[in-house]
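One structure is given below, encoded as C-alpha cells.
By letter and in written order, the chains are A, B, C and D; residue numbering begins at 1 in each of them.
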Amino acid sequence: MTLRFGLLGAGRIGKVHAKAVSGNPKAKLVAVADAMAPAAQAIADQYGCDVRSIEAILAAKDIDAVVICTPTDTHADLIEKFTKAGKAVFCEKPIDLSLDRVKACLAVVRANKGTLMVGFNRRFDPHFMAVRAEIDKGSIGAVEMVTITSRDPGAPPVDYIKRSGGIFRDMTIHDFDMARFLLGEEITEVSAMAAVLVDPAIGAAGDSDSVQVMLKTATGKMAVISNSRRATYGYDQRIEVHGSRGVVSAENQRPVSIEVANGSGYTRPPLHDFFMTRYTEAYAAEIAAFIETIAGGTAAAPSGEDGLLALALAEAALLSVKEGRVVRVAEVTA
Amino acid sequence: MTLRFGLLGAGRIGKVHAKAVSGNPKAKLVAVADAMAPAAQAIADQYGCDVRSIEAILAAKDIDAVVICTPTDTHADLIEKFTKAGKAVFCEKPIDLSLDRVKACLAVVRANKGTLMVGFNRRFDPHFMAVRAEIDKGSIGAVEMVTITSRDPGAPPVDYIKRSGGIFRDMTIHDFDMARFLLGEEITEVSAMAAVLVDPAIGAAGDSDSVQVMLKTATGKMAVISNSRRATYGYDQRIEVHGSRGVVSAENQRPVSIEVANGSGYTRPPLHDFFMTRYTEAYAAEIAAFIETIAGGTAAAPSGEDGLLALALAEAALLSVKEGRVVRVAEVTA
Amino acid sequence: MTLRFGLLGAGRIGKVHAKAVSGNPKAKLVAVADAMAPAAQAIADQYGCDVRSIEAILAAKDIDAVVICTPTDTHADLIEKFTKAGKAVFCEKPIDLSLDRVKACLAVVRANKGTLMVGFNRRFDPHFMAVRAEIDKGSIGAVEMVTITSRDPGAPPVDYIKRSGGIFRDMTIHDFDMARFLLGEEITEVSAMAAVLVDPAIGAAGDSDSVQVMLKTATGKMAVISNSRRATYGYDQRIEVHGSRGVVSAENQRPVSIEVANGSGYTRPPLHDFFMTRYTEAYAAEIAAFIETIAGGTAAAPSGEDGLLALALAEAALLSVKEGRVVRVAEVTA
Amino acid sequence: MTLRFGLLGAGRIGKVHAKAVSGNPKAKLVAVADAMAPAAQAIADQYGCDVRSIEAILAAKDIDAVVICTPTDTHADLIEKFTKAGKAVFCEKPIDLSLDRVKACLAVVRANKGTLMVGFNRRFDPHFMAVRAEIDKGSIGAVEMVTITSRDPGAPPVDYIKRSGGIFRDMTIHDFDMARFLLGEEITEVSAMAAVLVDPAIGAAGDSDSVQVMLKTATGKMAVISNSRRATYGYDQRIEVHGSRGVVSAENQRPVSIEVANGSGYTRPPLHDFFMTRYTEAYAAEIAAFIETIAGGTAAAPSGEDGLLALALAEAALLSVKEGRVVRVAEVTA
C-alpha cells in the first residue's frame, strides 16, 4: 500500500516534509499547495508532483492524507476541513495559539473520527527514542528529574515572534512535549522565569529570549527546561533523565565528529546549524510513524491532545512569569 | 613564614582539613580539639600535633589561626571568641542557621577587624576555577544562564537532616554560592520546587530530597540548580555557564578515567564516591588561599558576607516552596 | 541529466549500491543482473527496475554506467567489457587478486579512454573527509604519523577467506588506501606482523586474523595499521593523523549516542554492527562522486591506479610476513 | 616503621622523587647528594634534610634505602655499591646502556641478595593500573593486541640525546616495559621503523625522533608503539588493550577538564605539559610500592630483570631499524 500525500505549505518546514514524504517507500507526494506559486513549483519540480490549490487537494480522489505546514492561524480550519473530507491529517505544531480554538478543533476531529497527528518531531529522534526506551525497560528505575537544554543558534526575525505567540508557544512547546514524553505522567504545576538577554527588539515586541521553566507532576516528579534564542556553538539539544537507579542522557549531535588538537587544545566542530540538519532522521521517522498509524488503524501519537497539553503548559508558563508564582495547569485548562 | 593552626572538630570534615593543613608547606598543625577524645587523638597521632581543649587553643600563643569544623550551632560563638582573641578564622559553612545570628556574628568580626573565611570549598576546585577564569577573560562574553547539577551519592542520616536546617541549607547552599560566584552579580529573585522522591523518612522529618531552583539577578541573568540526595552513579557535580559568545562547562570527575568496551557497550567507571575524594585538591587550595589572605593582609574570599548571602538564598528558596511563588531576596535579608 | 545505471551483482554489497543509486536524484537504477534470479528480483521489486542478463545490460542503449558487485574473479573481465562498450564503470575493490591482471585491465581501460572508479568507500565517509579537509587546510602542519585502527565485528566464513585473497587483500586493503589518502605521498616501505588469535580455522586456511602493519614514505612519513577480524564492541573504525603542528582524529560512530549511568558506571551503546550501517552516508556520497565525475568529465578518484597500489601494498605486506623483513613496494610493483 | 631515604641526584627527576619520598607517611628523606651543591641544597632546604656526599650516604647508619637519580653511566656502579652496603635500591631507568653491564650488575645484586627496583613509573599510574586490573579480572578475555601511543611535548636537547642512548633507550623503553606489563607474556620478536621528522639536528646526532614498533610474543599476541619527540597538544600518553572479549583503554589526562564552546567549536585544554605533572600520582605510588616491598620482604617489581628486558627490546628495535628486518629478542639477549 502506498499512502498518497498532499502537502499544504511549501515554506521551510514544508520542504523538510516534502523530502521526508518523498523518501518514504510507502508514501507518494501527489500534490503541493502554497499561496506563493514559485515555492510550490520548486517542490513540484524537485519531487515530481503536481501543484494544486488547497481546494483541489481537499476534493482530490487521489490523495489520502495531508501534511499541514501553512501559517499557524490556518491550522485549525484546515484540520477541520480535511478531517471532514475523510483525509488523515498531519499538522505542524501548534494547532492554534488559542486553547479554546484547539479544543473546538479537536472536538471536530473526534466527531468525524478523524486521524490527527501533531508534529512534535523530537519524539522521533533516534537518540531521544533510545533514551525513552531505556526508561521503558527500567534501566534507570523510577523517573525523578528531567533536564532539557534547548537553545537555538539564533533568534528568528522579530516579525515572526510577533505572530508566533512568543518563546513559550513556538520554542519551549517542543520541550514541554518532551518533558511530558519523558516524565511518563501528567504535569500539574509550572513555574517559569524569563528575561531579555539576547536582543532588546524581542523585549520591545513583548517577548523574552531566555527562559527557564520548572515543571512538576502530581507525584512530585520534576523537570527543568533551559532555553535561549541564541547559541554561538550551534543547535543545542540535550536531554537527561535522572531516576531512582541511574541516569540516561542524549548528548548533542554534530555533522562530523572529528577532533583537532594543537597548542590551543582539543577542538571538536560546532553542533548542527539548526533543526533541518539536526532532526533529519526524526522528520523521516515521524512521517513513517504517521503512515503506520493510518495503515494499522491505531491511535495517532503525538495526538491532538498532546498538542493541546503542550500549549496549555506554554500558557501556564506565561501566566507564571506574569504573576511571579507557581501556576497549576488546571488553572489554564479548566 | 609558617602559619600555626588549631583545628576545632575532628570529625569527617575535620580530617579533611587536618590533611590539607598538614600538607601545606606554609602551615603547621599545632593542636586539635574535639569533644570526642579518640577522634582528636587519631588526628594528633597521624599528623604529630597536640590534643588540646578549645579553651587552651583560644589562649595559645603558638597558634595563629583556627579551622572550625565543630557542629553548626557552635560556629558563630567560636568565630566571635577566636576573632576577639586575634586569631584568623576559617569556618565551615554555614555560620549559623539563623540569618540574624549570622549578621550579629559578622558584626563582631567587623568590630574586631577579624579575618573570617567561609568554607565554600568548590570555589577552589581547579576545574571550577578554570571555568571562572574563562568567564573572567571573556571567552563566553556576558554571562547569561548558569546551570548547576549537584547530586549526592546517598542521603545523610535523617538525624543529620533534622539538625542541618534541611536540603537548601546544608546541600544547595554550596550551589547558591557557586551560582553567585559564576553569575558575577547579586541574585535578586528565587523560585524553588521541592519533592520527596528518595526516602519518605526525609519527608517525615519535614525536609525534601529532590529540589530544583531558579535564580535571577537584577539584569536578568539566570541560574538553575538541580539537586538530589541520591545518585547511584556517584557524586554528580557539574556546572555550565552559557554566555553571549559561548558556553563553558566543567564535567564530572572520576578516580580513574578508563573505558571498557564489549558487547554491552562502552563503560567508564562511576564518579568519585563523595566530596572527600572529589574535592581533595579544592580543600588543599582553599587552605592555601586562607594562608595567602593572612600573609597578604587581603580580604578573605569567600567572606562571612558570602556565607550570609548563600544562607539568605536558602531561606528564600524555603519560602518559595512554602508559598508557591517567586521570592525576592530582599524579603529575607531585610 | 539523469545517469542510468545497471547493477551487476545483487548480493550484500549490491544491495548497498542499489539503495545508494536509487536514493540519488541524479541517478536512475534501470536494471539489475545476478546469477541468482531471486536476489536480482528482490532488488528489482524494491526499486522498480528490470532484471536483465549481464549481456543485455552490456548491449543496452538505456544504460550509461554500471556498478560491479559480482565476485572478485569476474571484476577485471567485466571492467574490460563494459569499458569497451563505452559505459562508465564503478567497480567494487579489488579489481583482481593478481597485480598483473589488474595492470592488464587498467591498460584496456586507458586504451578505451574509459571511466573507472574503484569502491574505496571510506574516502567518502563524512568524518574521514573532514579529517582530510583539516590536513588540506594545514590545521596540523606536515603529516608525520597516521594511525588506523580497523576491526571487524566478526570473521567472515572460512570459505570466503579462501577466495578473498586473505586479510591483507580483503580487509587491510581499505586501510592501505586510507593510509595513502591521508599520507599524501606514496608509500615505499612495508613491514607487517600477522597472527591467528581469533579462529584456528582461519589459520588452517592459510590466513591470519590479527595483523599490524607499518608503512613508510620516501620522506619518512609513517603509518601504522591495526586489524582484527573480531571486535565484540562493534565495527571499530578509527583514524588519527599526527602532524608537525597538531593532530586530527575521527572517532568511532554508533547508531545512537546516549549514555546510561548507574552503580556500574557510565555506558554508551556498542558501535555500528558493520559497514552497511557505519558507512551508509559514504556509499551514497561515493555514488554521487561517481556521477559528478562522469558529468564533469573529470578524472575518477579513487582510480584504477589507486586500486592497483592498494593491492600492491597488500602483496608487500604478505611478503613481509613471509620473510620477516621490510619490503620495498618497488619489489612487488616492478 | 619509617624507611629512611638517601637521594642520589638532585636534578629534574631527583626533585620528583624528593617530593614523593617526603610526602609518604612511611618514609623520611634523610639526605641528598649531588655534584652540584646548589641543587642538593635546594632540596635540603625544601624538605628539611641533610646535604651529604654519596660516600657519606653509603656509610650512613641512619639511611635504609636510596633513590638513584644520577646520570645513567653511574647507575650500575651505584647499584652495586649500595647493594653491597646492604641498602635497598630504587634506581631510575635505565640501569646502563650496555646489556652486558646490566647483566653483570644484576649478578652482583643477586649475589648480595639485594633489593633493586627500577623506575618504570607508568606501571603505577592509577589509570594504567586500572587497565591492568581489568585485564587481570578477565573483562576483555585473552589479551590480543596492545596499542601504546606515547609522544613527548618537545624534544630534549641534542646533547642529552647523545648521552641517552637514543630514542629507543630513553623514551620507548617506558613503552617496552608497558607492553610487557600488559601483554602478560614475554615478547619474542621486534620490528621497528624510524625517521627524523621533528628536528634534523637529532638526525645529525645519529638518532631518530619519530618511531613505530611492532612486538610479538611466542603465542602471537602483538603490540604496537607509536612515538614522537614532539606533540604540540601536550604529553600524549594512551594505552589500549584489545582482547578476545572486549577492549580496555586509558585516555589522556589534562590538568583541568573543562570545555569552552563557541562558533569555532568545542575546545578542551591541552594535555599535561610533561611527566612531572602527568605522573605525579604514579611517582608517589611507585615509592609507596618500594616501601611496601621492603617492609614485606617481597620481590621488587618492576625488577632489575624488567629493566634488562626493556633495554633488550630497545636493542632489538635498533637492530631492526638498521637491518630492515624482524629481530628475535633472543638474538640480543643471548
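Just so it is clear, a residue touches a chain if its C-beta (ideal position, glycine included) is under 8 Å from a C-beta of that chain, and two chains touch if they have at least 3 such contacts.
What you see is a predicted model, and the numbers here were worked out from it, not measured in a lab.
*Asks:* What's the chain with its C-alpha centre farthest out from chain B?
*Replies:* Of all chains, C has its centre farthest from that of chain B.
*Asks:* Applying the document's contact definition, name the chain pair with more C-beta pairs in contact, C-D or A-D.
*Replies:* Pair with the higher count of C-beta contacts: C-D.
*Asks:* Express in whole angstrom the distance between the two chain centres, defined as the mean CA positions of chain A and chain D.
*Replies:* 57
*Asks:* Where the CA atoms of chain C average out and where those of chain D average out, how many Å apart are those spots?
*Replies:* Inter-chain centre distance comes to 41 Å.
*Asks:* Which residues of chain A are in contact with two or more other chains?
*Replies:* Only 232-233, 245-247, 261-263, 269 qualify.
*Asks:* Show me the residue ranges of chain D that touch chain A in the complex, using the header's touch definition.
*Replies:* The contact residues of chain D facing chain A are 232-233, 261-270.
*Asks:* Which residues of chain D touch chain C in the complex?
*Replies:* 142, 144-145, 147, 149, 151, 189, 191, 193, 195-198, 210, 212, 214, 216, 220-222, 224, 226, 228, 230-233, 236, 242, 244-247, 324-326
*Asks:* Within the complex, which stretch of chain A touches chain C?
*Replies:* 23, 25, 46, 126-127, 129-131, 134, 139-140, 245-251, 253, 255-263, 269
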